[in-house]
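Lettered A, B and C in written order, each chain numbered from 1.
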Amino acid sequence: MMGKKVIITGVPGVGKTTVVNKALKTLKEMGVEYTSINFGSFMFDVARSDDIVQDRDQMRTLDRGVQKRLQQRAGQAIAQVTGNVLIDTHASVKTPKGYLAGLPEWVLREIMPDIIVLVETDNDQILMRRLTDETRSRDKEGYNSIAEHQQFNRSIAAAYAMMTGCTIRIVTNPDFLLERSSAELVEVLR
Amino acid sequence: MMGKKVIITGVPGVGKTTVVNKALKTLKEMGVEYTSINFGSFMFDVARSDDIVQDRDQMRTLDRGVQKRLQQRAGQAIAQVTGNVLIDTHASVKTPKGYLAGLPEWVLREIMPDIIVLVETDNDQILMRRLTDETRSRDKEGYNSIAEHQQFNRSIAAAYAMMTGCTIRIVTNPDFLLERSSAELVEVLR
Amino acid sequence: MMGKKVIITGVPGVGKTTVVNKALKTLKEMGVEYTSINFGSFMFDVARSDDIVQDRDQMRTLDRGVQKRLQQRAGQAIAQVTGNVLIDTHASVKTPKGYLAGLPEWVLREIMPDIIVLVETDNDQILMRRLTDETRSRDKEGYNSIAEHQQFNRSIAAAYAMMTGCTIRIVTNPDFLLERSSAELVEVLR
(Lines give C-alpha, C1' and ligand atoms only; values in the text may rest on other atoms or scores of the structure.)
Protein backbone atom coordinates (compact mmCIF):
# COMPACT_ATOMS: atom_id res chain seq x y z
CA MET A 1 0.00 0.00 0.00
CA MET A 2 1.22 3.47 -0.82
CA GLY A 3 1.69 5.71 2.18
CA LYS A 4 1.25 9.44 2.41
CA LYS A 5 3.63 11.87 0.72
CA VAL A 6 3.84 15.02 2.82
CA ILE A 7 6.07 17.97 1.91
CA ILE A 8 7.07 20.30 4.71
CA THR A 9 8.27 23.85 4.09
CA GLY A 10 9.05 27.05 5.96
CA VAL A 11 11.27 30.11 5.59
CA PRO A 12 14.68 29.97 7.32
CA GLY A 13 14.31 30.66 11.03
CA VAL A 14 10.71 29.53 11.33
CA GLY A 15 11.62 26.64 13.62
CA LYS A 16 10.63 23.95 11.13
CA THR A 17 13.24 21.37 12.19
CA THR A 18 12.25 21.54 15.86
CA VAL A 19 8.54 21.23 15.11
CA VAL A 20 9.10 18.32 12.73
CA ASN A 21 11.37 16.38 15.11
CA LYS A 22 8.91 16.75 17.96
CA ALA A 23 5.99 15.68 15.75
CA LEU A 24 7.83 12.64 14.37
CA LYS A 25 8.71 11.54 17.90
CA THR A 26 5.06 11.76 18.98
CA LEU A 27 3.92 9.92 15.84
CA LYS A 28 6.43 7.13 16.47
CA GLU A 29 5.01 6.69 19.96
CA MET A 30 1.60 6.40 18.30
CA GLY A 31 2.94 3.73 15.94
CA VAL A 32 2.97 5.99 12.84
CA GLU A 33 6.26 5.84 10.94
CA TYR A 34 7.58 8.37 8.42
CA THR A 35 10.71 8.22 6.28
CA SER A 36 12.31 11.67 6.43
CA ILE A 37 13.87 12.97 3.23
CA ASN A 38 15.67 16.26 2.72
CA PHE A 39 15.06 17.15 -0.92
CA GLY A 40 18.35 19.04 -1.34
CA SER A 41 20.48 16.26 0.14
CA PHE A 42 18.56 13.67 -1.84
CA MET A 43 19.23 15.55 -5.09
CA PHE A 44 22.89 15.84 -4.18
CA ASP A 45 23.11 12.06 -3.65
CA VAL A 46 21.58 11.50 -7.09
CA ALA A 47 24.06 13.95 -8.65
CA ARG A 48 27.05 12.34 -6.93
CA SER A 49 26.07 8.80 -7.81
CA ASP A 50 25.74 9.97 -11.44
CA ASP A 51 29.22 11.57 -11.24
CA ILE A 52 27.72 14.96 -12.10
CA VAL A 53 29.23 16.61 -9.02
CA GLN A 54 31.85 15.74 -6.42
CA ASP A 55 30.89 18.14 -3.65
CA ARG A 56 27.84 20.09 -2.57
CA ASP A 57 29.07 23.53 -3.65
CA GLN A 58 29.03 22.40 -7.27
CA MET A 59 25.25 21.97 -7.04
CA ARG A 60 24.77 25.73 -7.26
CA THR A 61 26.76 26.08 -10.46
CA LEU A 62 24.94 23.48 -12.53
CA ASP A 63 23.51 24.30 -15.92
CA ARG A 64 19.75 24.92 -15.78
CA GLY A 65 18.93 21.91 -17.96
CA VAL A 66 21.10 19.56 -15.89
CA GLN A 67 19.54 20.86 -12.68
CA LYS A 68 16.05 20.29 -14.07
CA ARG A 69 16.84 16.68 -14.97
CA LEU A 70 18.35 16.10 -11.52
CA GLN A 71 15.28 17.55 -9.82
CA GLN A 72 13.03 15.35 -11.89
CA ARG A 73 15.09 12.20 -11.19
CA ALA A 74 15.07 12.98 -7.46
CA GLY A 75 11.28 13.40 -7.63
CA GLN A 76 10.91 10.05 -9.40
CA ALA A 77 13.07 8.30 -6.81
CA ILE A 78 11.06 9.83 -3.94
CA ALA A 79 7.82 8.70 -5.61
CA GLN A 80 9.14 5.11 -5.41
CA VAL A 81 9.67 5.16 -1.64
CA THR A 82 7.04 3.01 0.07
CA GLY A 83 5.27 3.94 3.30
CA ASN A 84 4.78 7.45 4.63
CA VAL A 85 7.34 9.99 3.47
CA LEU A 86 8.04 13.45 4.90
CA ILE A 87 9.96 15.60 2.41
CA ASP A 88 11.78 18.62 3.80
CA THR A 89 12.25 21.43 1.28
CA HIS A 90 11.33 25.07 0.61
CA ALA A 91 8.14 26.43 -0.94
CA SER A 92 10.43 29.01 -2.53
CA VAL A 93 14.08 29.95 -2.13
CA LYS A 94 15.18 33.58 -1.97
CA THR A 95 18.10 34.17 -4.35
CA PRO A 96 19.81 37.35 -5.61
CA LYS A 97 17.82 36.92 -8.84
CA GLY A 98 14.52 36.57 -6.98
CA TYR A 99 12.27 33.83 -5.59
CA LEU A 100 12.84 30.39 -7.05
CA ALA A 101 10.12 27.71 -6.88
CA GLY A 102 11.14 24.92 -4.52
CA LEU A 103 8.71 22.61 -6.28
CA PRO A 104 8.56 23.37 -10.00
CA GLU A 105 5.93 21.61 -12.09
CA TRP A 106 8.26 18.78 -13.24
CA VAL A 107 9.03 17.85 -9.62
CA LEU A 108 5.41 18.07 -8.48
CA ARG A 109 4.21 15.81 -11.28
CA GLU A 110 6.64 13.11 -10.08
CA ILE A 111 6.00 13.33 -6.35
CA MET A 112 2.27 14.16 -6.50
CA PRO A 113 2.18 14.96 -2.77
CA ASP A 114 -0.91 14.42 -0.62
CA ILE A 115 -0.23 17.40 1.62
CA ILE A 116 2.10 20.41 1.57
CA VAL A 117 2.63 21.94 5.01
CA LEU A 118 3.69 25.58 5.40
CA VAL A 119 5.21 26.13 8.83
CA GLU A 120 4.79 29.82 9.56
CA THR A 121 5.26 32.12 12.47
CA ASP A 122 4.97 35.82 13.16
CA ASN A 123 7.31 37.74 10.88
CA ASP A 124 8.59 39.48 13.96
CA GLN A 125 9.43 36.21 15.69
CA ILE A 126 11.47 35.06 12.74
CA LEU A 127 13.30 38.37 12.70
CA MET A 128 14.17 38.06 16.38
CA ARG A 129 15.27 34.46 16.02
CA ARG A 130 17.49 35.20 13.04
CA LEU A 131 19.07 38.12 14.85
CA THR A 132 19.86 36.04 17.94
CA ASP A 133 20.74 32.70 16.34
CA GLU A 134 24.51 32.49 16.68
CA THR A 135 24.85 28.87 15.59
CA ARG A 136 23.94 29.39 11.93
CA SER A 137 24.92 32.20 9.65
CA ARG A 138 21.61 33.32 8.21
CA ASP A 139 21.00 36.20 5.86
CA LYS A 140 19.99 39.32 7.69
CA GLU A 141 16.59 40.39 6.48
CA GLY A 142 14.12 42.98 7.67
CA TYR A 143 10.53 42.50 8.80
CA ASN A 144 8.94 43.43 5.46
CA SER A 145 11.24 41.15 3.58
CA ILE A 146 10.26 38.13 5.69
CA ALA A 147 6.57 39.00 5.38
CA GLU A 148 6.96 39.23 1.60
CA HIS A 149 8.65 35.82 1.48
CA GLN A 150 5.97 34.14 3.62
CA GLN A 151 3.27 35.71 1.44
CA PHE A 152 5.01 34.54 -1.73
CA ASN A 153 5.15 31.02 -0.28
CA ARG A 154 1.39 31.02 0.28
CA SER A 155 0.83 32.13 -3.30
CA ILE A 156 3.09 29.52 -4.82
CA ALA A 157 1.60 26.85 -2.56
CA ALA A 158 -1.80 27.68 -4.09
CA ALA A 159 -0.32 27.00 -7.54
CA TYR A 160 1.07 23.69 -6.24
CA ALA A 161 -2.43 22.77 -5.00
CA MET A 162 -3.94 23.44 -8.41
CA MET A 163 -1.31 21.32 -10.16
CA THR A 164 -1.43 18.26 -7.88
CA GLY A 165 -4.74 18.31 -6.00
CA CYS A 166 -2.80 18.18 -2.71
CA THR A 167 -3.99 20.08 0.33
CA ILE A 168 -2.10 23.12 1.64
CA ARG A 169 -1.96 23.15 5.42
CA ILE A 170 -0.67 26.24 7.22
CA VAL A 171 0.77 25.28 10.62
CA THR A 172 1.48 28.28 12.81
CA ASN A 173 4.40 28.21 15.20
CA PRO A 174 3.39 31.14 17.42
CA ASP A 175 6.02 32.44 19.83
CA PHE A 176 7.72 29.13 19.20
CA LEU A 177 5.14 27.36 21.33
CA LEU A 178 6.53 24.03 20.27
CA GLU A 179 3.89 21.87 21.89
CA ARG A 180 1.01 23.44 20.05
CA SER A 181 2.51 23.56 16.58
CA SER A 182 3.93 20.05 16.76
CA ALA A 183 0.52 18.79 17.96
CA GLU A 184 -1.07 20.48 14.93
CA LEU A 185 1.46 18.78 12.68
CA VAL A 186 0.76 15.41 14.31
CA GLU A 187 -2.93 15.85 13.43
CA VAL A 188 -1.98 16.45 9.80
CA LEU A 189 0.44 13.55 9.53
CA ARG A 190 -1.23 10.75 11.46
CA MET B 1 -22.40 28.38 -31.10
CA MET B 2 -20.55 27.82 -27.85
CA GLY B 3 -21.72 30.04 -25.03
CA LYS B 4 -19.76 31.37 -22.10
CA LYS B 5 -18.48 29.13 -19.33
CA VAL B 6 -18.44 31.09 -16.08
CA ILE B 7 -17.36 29.59 -12.76
CA ILE B 8 -18.64 31.26 -9.62
CA THR B 9 -16.98 30.84 -6.24
CA GLY B 10 -17.03 32.27 -2.73
CA VAL B 11 -16.28 31.14 0.82
CA PRO B 12 -19.22 29.82 2.85
CA GLY B 13 -21.34 32.68 4.17
CA VAL B 14 -20.38 35.19 1.51
CA GLY B 15 -23.93 35.38 0.16
CA LYS B 16 -23.06 33.82 -3.20
CA THR B 17 -26.39 32.04 -3.75
CA THR B 18 -28.42 35.20 -3.19
CA VAL B 19 -26.25 37.29 -5.51
CA VAL B 20 -26.33 34.63 -8.22
CA ASN B 21 -30.10 34.14 -8.10
CA LYS B 22 -30.75 37.85 -8.31
CA ALA B 23 -28.30 38.23 -11.22
CA LEU B 24 -29.77 35.28 -13.15
CA LYS B 25 -33.27 36.73 -12.73
CA THR B 26 -32.16 40.10 -14.12
CA LEU B 27 -30.33 38.43 -17.00
CA LYS B 28 -33.41 36.39 -17.88
CA GLU B 29 -35.44 39.59 -18.08
CA MET B 30 -32.75 40.86 -20.46
CA GLY B 31 -33.08 37.73 -22.58
CA VAL B 32 -29.77 36.19 -21.49
CA GLU B 33 -30.08 32.55 -20.42
CA TYR B 34 -27.66 30.55 -18.30
CA THR B 35 -27.72 26.88 -17.38
CA SER B 36 -26.84 26.63 -13.68
CA ILE B 37 -24.67 23.71 -12.63
CA ASN B 38 -23.49 22.86 -9.14
CA PHE B 39 -20.16 21.11 -9.63
CA GLY B 40 -20.49 18.93 -6.51
CA SER B 41 -24.00 17.73 -7.38
CA PHE B 42 -23.00 17.18 -10.98
CA MET B 43 -20.07 15.01 -9.91
CA PHE B 44 -22.35 13.04 -7.60
CA ASP B 45 -24.76 12.38 -10.47
CA VAL B 46 -21.86 11.07 -12.59
CA ALA B 47 -20.71 8.84 -9.71
CA ARG B 48 -24.20 7.48 -9.09
CA SER B 49 -24.92 6.76 -12.73
CA ASP B 50 -21.60 4.87 -12.87
CA ASP B 51 -22.62 2.88 -9.75
CA ILE B 52 -19.55 4.17 -7.91
CA VAL B 53 -21.60 5.52 -4.99
CA GLN B 54 -25.18 5.17 -3.73
CA ASP B 55 -25.42 8.24 -1.52
CA ARG B 56 -23.71 11.59 -1.19
CA ASP B 57 -21.79 10.78 2.01
CA GLN B 58 -19.79 8.16 0.14
CA MET B 59 -18.33 10.92 -2.06
CA ARG B 60 -16.02 11.98 0.75
CA THR B 61 -14.55 8.52 1.23
CA LEU B 62 -13.51 7.86 -2.36
CA ASP B 63 -10.00 6.84 -3.26
CA ARG B 64 -7.94 9.75 -4.60
CA GLY B 65 -7.54 8.20 -8.06
CA VAL B 66 -11.28 7.48 -8.38
CA GLN B 67 -12.12 11.02 -7.29
CA LYS B 68 -9.73 12.46 -9.85
CA ARG B 69 -11.33 10.45 -12.67
CA LEU B 70 -14.80 11.52 -11.52
CA GLN B 71 -13.77 15.17 -11.44
CA GLN B 72 -12.35 14.89 -14.91
CA ARG B 73 -15.44 13.16 -16.30
CA ALA B 74 -17.67 15.81 -14.72
CA GLY B 75 -15.50 18.50 -16.32
CA GLN B 76 -15.78 16.81 -19.72
CA ALA B 77 -19.56 16.59 -19.43
CA ILE B 78 -19.82 20.26 -18.46
CA ALA B 79 -17.66 21.20 -21.44
CA GLN B 80 -20.28 19.55 -23.69
CA VAL B 81 -23.18 21.68 -22.43
CA THR B 82 -24.20 24.19 -25.10
CA GLY B 83 -25.13 27.81 -24.39
CA ASN B 84 -24.05 29.85 -21.40
CA VAL B 85 -23.18 27.85 -18.31
CA LEU B 86 -22.76 29.09 -14.75
CA ILE B 87 -20.83 26.58 -12.62
CA ASP B 88 -21.15 26.92 -8.86
CA THR B 89 -18.16 25.57 -6.95
CA HIS B 90 -15.37 26.63 -4.56
CA ALA B 91 -12.02 28.20 -5.44
CA SER B 92 -10.69 26.12 -2.55
CA VAL B 93 -12.26 24.00 0.16
CA LYS B 94 -11.06 24.17 3.76
CA THR B 95 -10.48 20.65 5.12
CA PRO B 96 -8.79 19.34 8.29
CA LYS B 97 -5.76 18.52 6.10
CA GLY B 98 -5.65 22.03 4.62
CA TYR B 99 -6.95 23.91 1.58
CA LEU B 100 -7.96 21.74 -1.34
CA ALA B 101 -8.12 23.16 -4.89
CA GLY B 102 -11.73 23.35 -6.08
CA LEU B 103 -10.48 23.38 -9.66
CA PRO B 104 -7.39 21.22 -10.04
CA GLU B 105 -5.53 21.30 -13.34
CA TRP B 106 -7.30 18.22 -14.81
CA VAL B 107 -10.71 19.83 -14.27
CA LEU B 108 -9.65 23.24 -15.62
CA ARG B 109 -8.25 21.70 -18.81
CA GLU B 110 -11.65 20.13 -19.52
CA ILE B 111 -13.86 23.10 -18.71
CA MET B 112 -11.52 25.87 -19.95
CA PRO B 113 -13.72 28.58 -18.39
CA ASP B 114 -14.01 32.08 -19.84
CA ILE B 115 -14.40 33.77 -16.46
CA ILE B 116 -13.95 32.77 -12.82
CA VAL B 117 -15.86 35.02 -10.42
CA LEU B 118 -14.79 35.36 -6.79
CA VAL B 119 -17.68 36.69 -4.70
CA GLU B 120 -16.11 38.32 -1.67
CA THR B 121 -17.22 40.45 1.20
CA ASP B 122 -15.67 41.97 4.29
CA ASN B 123 -14.19 39.26 6.48
CA ASP B 124 -16.10 40.78 9.35
CA GLN B 125 -19.42 40.55 7.50
CA ILE B 126 -18.89 36.87 6.84
CA LEU B 127 -18.06 36.31 10.46
CA MET B 128 -21.24 38.04 11.58
CA ARG B 129 -23.36 36.19 9.06
CA ARG B 130 -21.96 32.80 10.02
CA LEU B 131 -22.50 33.53 13.69
CA THR B 132 -26.14 34.53 13.15
CA ASP B 133 -27.15 32.06 10.44
CA GLU B 134 -29.33 29.55 12.25
CA THR B 135 -30.58 27.75 9.17
CA ARG B 136 -27.28 26.12 8.19
CA SER B 137 -24.70 24.57 10.45
CA ARG B 138 -21.52 26.25 9.34
CA ASP B 139 -18.09 25.80 10.81
CA LYS B 140 -17.31 28.46 13.36
CA GLU B 141 -14.23 30.34 12.22
CA GLY B 142 -12.54 33.49 13.43
CA TYR B 143 -11.85 36.68 11.50
CA ASN B 144 -8.23 35.84 10.66
CA SER B 145 -9.17 32.42 9.44
CA ILE B 146 -11.74 33.79 6.98
CA ALA B 147 -9.29 36.44 5.76
CA GLU B 148 -6.69 33.71 5.19
CA HIS B 149 -9.16 31.64 3.19
CA GLN B 150 -10.23 34.57 1.00
CA GLN B 151 -6.58 35.42 0.39
CA PHE B 152 -5.79 31.82 -0.51
CA ASN B 153 -8.68 31.85 -2.98
CA ARG B 154 -7.25 34.91 -4.73
CA SER B 155 -3.88 33.20 -5.00
CA ILE B 156 -5.23 29.97 -6.40
CA ALA B 157 -7.48 31.91 -8.79
CA ALA B 158 -4.33 33.52 -10.19
CA ALA B 159 -2.95 30.04 -10.89
CA TYR B 160 -6.24 29.12 -12.60
CA ALA B 161 -5.89 32.22 -14.80
CA MET B 162 -2.40 31.21 -15.86
CA MET B 163 -3.52 27.69 -16.74
CA THR B 164 -6.64 28.57 -18.74
CA GLY B 165 -6.36 32.16 -19.90
CA CYS B 166 -9.70 32.93 -18.21
CA THR B 167 -10.29 36.23 -16.46
CA ILE B 168 -10.57 36.46 -12.67
CA ARG B 169 -13.31 38.84 -11.63
CA ILE B 170 -13.63 39.83 -7.97
CA VAL B 171 -17.22 40.83 -7.18
CA THR B 172 -17.59 42.45 -3.80
CA ASN B 173 -20.74 41.93 -1.80
CA PRO B 174 -20.32 44.81 0.67
CA ASP B 175 -22.63 44.82 3.67
CA PHE B 176 -24.70 42.43 1.62
CA LEU B 177 -25.89 45.24 -0.60
CA LEU B 178 -27.52 42.77 -2.90
CA GLU B 179 -28.50 45.22 -5.61
CA ARG B 180 -24.99 46.44 -6.22
CA SER B 181 -23.19 43.12 -6.24
CA SER B 182 -25.81 41.40 -8.39
CA ALA B 183 -25.63 44.33 -10.83
CA GLU B 184 -21.85 43.87 -11.00
CA LEU B 185 -22.36 40.18 -11.70
CA VAL B 186 -24.89 40.96 -14.43
CA GLU B 187 -22.25 43.11 -16.14
CA VAL B 188 -19.84 40.18 -16.08
CA LEU B 189 -22.31 37.59 -17.32
CA ARG B 190 -24.29 39.39 -20.00
CA MET C 1 25.21 30.51 -26.71
CA MET C 2 21.71 31.26 -25.48
CA GLY C 3 21.39 34.49 -23.55
CA LYS C 4 19.05 35.32 -20.73
CA LYS C 5 15.30 35.71 -21.24
CA VAL C 6 14.00 38.29 -18.78
CA ILE C 7 10.35 39.37 -18.63
CA ILE C 8 9.62 42.74 -17.09
CA THR C 9 6.19 43.68 -15.76
CA GLY C 10 4.47 46.38 -13.73
CA VAL C 11 1.02 47.93 -13.38
CA PRO C 12 0.33 51.07 -15.43
CA GLY C 13 1.89 54.11 -13.78
CA VAL C 14 4.60 52.25 -11.90
CA GLY C 15 7.37 53.94 -13.87
CA LYS C 16 8.53 50.75 -15.58
CA THR C 17 9.62 52.35 -18.84
CA THR C 18 11.83 54.90 -17.11
CA VAL C 19 13.49 52.30 -14.89
CA VAL C 20 14.09 49.97 -17.81
CA ASN C 21 15.57 52.63 -20.09
CA LYS C 22 17.95 53.81 -17.39
CA ALA C 23 19.02 50.23 -16.58
CA LEU C 24 19.58 49.32 -20.24
CA LYS C 25 21.74 52.44 -20.69
CA THR C 26 23.91 51.50 -17.71
CA LEU C 27 24.19 47.90 -18.90
CA LYS C 28 25.26 49.05 -22.36
CA GLU C 29 28.03 51.11 -20.76
CA MET C 30 29.06 47.90 -18.96
CA GLY C 31 29.11 46.03 -22.26
CA VAL C 32 25.93 44.01 -21.59
CA GLU C 33 23.49 44.10 -24.50
CA TYR C 34 19.77 43.29 -24.40
CA THR C 35 17.28 43.09 -27.25
CA SER C 36 14.10 44.83 -26.09
CA ILE C 37 10.80 43.30 -27.12
CA ASN C 38 7.32 44.57 -26.35
CA PHE C 39 5.15 41.46 -26.26
CA GLY C 40 1.98 43.23 -27.44
CA SER C 41 3.70 44.90 -30.41
CA PHE C 42 5.48 41.68 -31.26
CA MET C 43 2.17 39.79 -31.33
CA PHE C 44 0.63 42.48 -33.50
CA ASP C 45 3.50 42.14 -36.00
CA VAL C 46 2.91 38.39 -36.17
CA ALA C 47 -0.84 38.95 -36.71
CA ARG C 48 -0.27 41.53 -39.44
CA SER C 49 2.29 39.48 -41.30
CA ASP C 50 -0.21 36.57 -41.23
CA ASP C 51 -2.95 38.90 -42.59
CA ILE C 52 -5.07 38.21 -39.51
CA VAL C 53 -5.43 41.91 -38.70
CA GLN C 54 -4.79 45.21 -40.47
CA ASP C 55 -4.64 47.56 -37.49
CA ARG C 56 -4.01 47.34 -33.78
CA ASP C 57 -7.62 47.88 -32.67
CA GLN C 58 -8.60 44.61 -34.31
CA MET C 59 -6.34 42.77 -31.85
CA ARG C 60 -8.91 43.21 -29.08
CA THR C 61 -11.73 41.68 -31.08
CA LEU C 62 -10.03 38.42 -32.02
CA ASP C 63 -11.63 35.07 -31.34
CA ARG C 64 -10.18 33.39 -28.23
CA GLY C 65 -8.72 30.47 -30.19
CA VAL C 66 -7.05 32.76 -32.74
CA GLN C 67 -5.60 34.91 -29.97
CA LYS C 68 -4.21 31.84 -28.22
CA ARG C 69 -2.45 30.66 -31.40
CA LEU C 70 -1.04 34.14 -31.97
CA GLN C 71 0.28 34.32 -28.40
CA GLN C 72 1.90 30.95 -28.80
CA ARG C 73 3.49 31.86 -32.14
CA ALA C 74 4.83 35.10 -30.68
CA GLY C 75 6.28 33.11 -27.76
CA GLN C 76 7.96 30.68 -30.16
CA ALA C 77 9.47 33.52 -32.18
CA ILE C 78 10.81 35.19 -29.02
CA ALA C 79 12.34 31.90 -27.90
CA GLN C 80 14.35 31.90 -31.16
CA VAL C 81 15.97 35.30 -30.53
CA THR C 82 19.63 34.86 -29.64
CA GLY C 83 21.46 36.84 -26.97
CA ASN C 84 19.86 38.50 -23.97
CA VAL C 85 16.23 39.46 -24.40
CA LEU C 86 14.13 41.79 -22.27
CA ILE C 87 10.41 41.22 -22.82
CA ASP C 88 8.07 44.01 -21.75
CA THR C 89 4.57 42.84 -20.88
CA HIS C 90 2.07 42.66 -18.00
CA ALA C 91 1.87 40.06 -15.24
CA SER C 92 -1.89 40.53 -15.56
CA VAL C 93 -4.14 42.94 -17.43
CA LYS C 94 -7.19 44.48 -15.78
CA THR C 95 -10.23 44.15 -18.06
CA PRO C 96 -13.96 44.72 -17.49
CA LYS C 97 -14.33 40.95 -17.19
CA GLY C 98 -11.52 40.70 -14.61
CA TYR C 99 -7.78 40.07 -14.47
CA LEU C 100 -6.32 38.35 -17.50
CA ALA C 101 -3.01 36.47 -17.32
CA GLY C 102 -0.31 38.28 -19.28
CA LEU C 103 1.63 35.05 -19.53
CA PRO C 104 -0.71 32.07 -19.86
CA GLU C 105 0.75 28.59 -19.69
CA TRP C 106 1.09 28.19 -23.49
CA VAL C 107 3.19 31.36 -23.74
CA LEU C 108 5.37 30.50 -20.74
CA ARG C 109 6.16 27.03 -22.10
CA GLU C 110 7.51 28.63 -25.28
CA ILE C 111 9.54 31.44 -23.73
CA MET C 112 10.69 29.58 -20.58
CA PRO C 113 12.04 32.81 -19.05
CA ASP C 114 15.01 32.88 -16.68
CA ILE C 115 13.68 35.78 -14.62
CA ILE C 116 10.37 37.62 -14.30
CA VAL C 117 10.75 41.10 -12.79
CA LEU C 118 7.84 42.82 -11.05
CA VAL C 119 8.44 46.55 -10.89
CA GLU C 120 6.37 47.82 -7.98
CA THR C 121 5.96 51.00 -6.06
CA ASP C 122 3.80 52.27 -3.24
CA ASN C 123 0.15 52.04 -4.18
CA ASP C 124 -0.16 55.65 -3.15
CA GLN C 125 2.64 56.74 -5.48
CA ILE C 126 0.96 55.10 -8.43
CA LEU C 127 -2.30 56.75 -7.55
CA MET C 128 -0.64 60.19 -7.43
CA ARG C 129 1.19 59.59 -10.65
CA ARG C 130 -1.92 58.46 -12.50
CA LEU C 131 -3.88 61.44 -11.22
CA THR C 132 -1.23 63.92 -12.35
CA ASP C 133 -0.09 62.31 -15.60
CA GLU C 134 -1.62 64.47 -18.33
CA THR C 135 0.25 62.93 -21.23
CA ARG C 136 -1.46 59.54 -21.18
CA SER C 137 -5.11 58.81 -20.58
CA ARG C 138 -4.99 56.18 -17.89
CA ASP C 139 -7.94 54.59 -16.15
CA LYS C 140 -8.76 56.32 -12.91
CA GLU C 141 -8.48 53.81 -10.11
CA GLY C 142 -8.51 54.12 -6.35
CA TYR C 143 -5.87 53.08 -3.86
CA ASN C 144 -7.45 49.73 -2.95
CA SER C 145 -7.88 48.82 -6.56
CA ILE C 146 -4.18 49.36 -7.33
CA ALA C 147 -3.17 47.41 -4.22
CA GLU C 148 -5.42 44.54 -5.31
CA HIS C 149 -3.87 44.52 -8.78
CA GLN C 150 -0.29 44.51 -7.46
CA GLN C 151 -1.19 41.69 -5.06
CA PHE C 152 -2.80 39.69 -7.87
CA ASN C 153 0.38 40.14 -9.92
CA ARG C 154 2.49 38.67 -7.13
CA SER C 155 0.16 35.69 -6.90
CA ILE C 156 0.16 34.98 -10.61
CA ALA C 157 3.93 35.47 -10.74
CA ALA C 158 4.22 32.66 -8.18
CA ALA C 159 2.25 30.41 -10.54
CA TYR C 160 4.60 31.42 -13.39
CA ALA C 161 7.58 30.43 -11.22
CA MET C 162 6.12 27.00 -10.56
CA MET C 163 5.48 26.40 -14.25
CA THR C 164 8.85 27.52 -15.61
CA GLY C 165 11.38 27.39 -12.78
CA CYS C 166 12.19 31.07 -13.39
CA THR C 167 12.94 33.40 -10.51
CA ILE C 168 10.51 36.17 -9.51
CA ARG C 169 12.33 39.38 -8.65
CA ILE C 170 10.40 42.23 -7.07
CA VAL C 171 12.10 45.56 -7.86
CA THR C 172 10.71 48.43 -5.83
CA ASN C 173 10.55 51.89 -7.34
CA PRO C 174 10.08 53.88 -4.11
CA ASP C 175 9.08 57.51 -4.50
CA PHE C 176 10.32 57.10 -8.04
CA LEU C 177 13.89 57.12 -6.86
CA LEU C 178 15.05 56.19 -10.30
CA GLU C 179 18.70 55.67 -9.45
CA ARG C 180 18.04 53.06 -6.84
CA SER C 181 15.49 50.98 -8.71
CA SER C 182 17.41 51.04 -11.97
CA ALA C 183 20.55 49.99 -10.09
CA GLU C 184 18.59 47.06 -8.63
CA LEU C 185 17.46 46.11 -12.11
CA VAL C 186 21.03 46.31 -13.43
CA GLU C 187 22.05 43.78 -10.76
CA VAL C 188 19.33 41.42 -11.95
CA LEU C 189 20.08 41.77 -15.65
CA ARG C 190 23.85 41.83 -15.83
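Keep in mind that, in the parts below, a contact is a pair of C-beta atoms (placed from the backbone, for glycine too) under 8 Å apart; a residue touches a chain by one contact, two chains touch by 3 or more.
The structure presented is a predicted model; accordingly, all values stated were derived computationally and were not measured.
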item	value
Angular offset of chain B relative to chain C [C-alpha, multiple of 5 degrees]	120
Same or different residue numbers at the chain A/chain C copy interface, by half rule	different
Computed distance of Cα centres, chain C from chain A, in Å	31
In chain C, residues with contacts to at least two other chains	155, 158-159, 162-163
Residues of chain C defined as touching chain A within the complex	114-117, 154-155, 157-159, 161-165, 167-170, 187-188
Of chain B, residues touching chain A in the complex	64, 68, 92, 95-101, 103-106, 108, 148, 151-152, 155-156, 158-160, 162-163
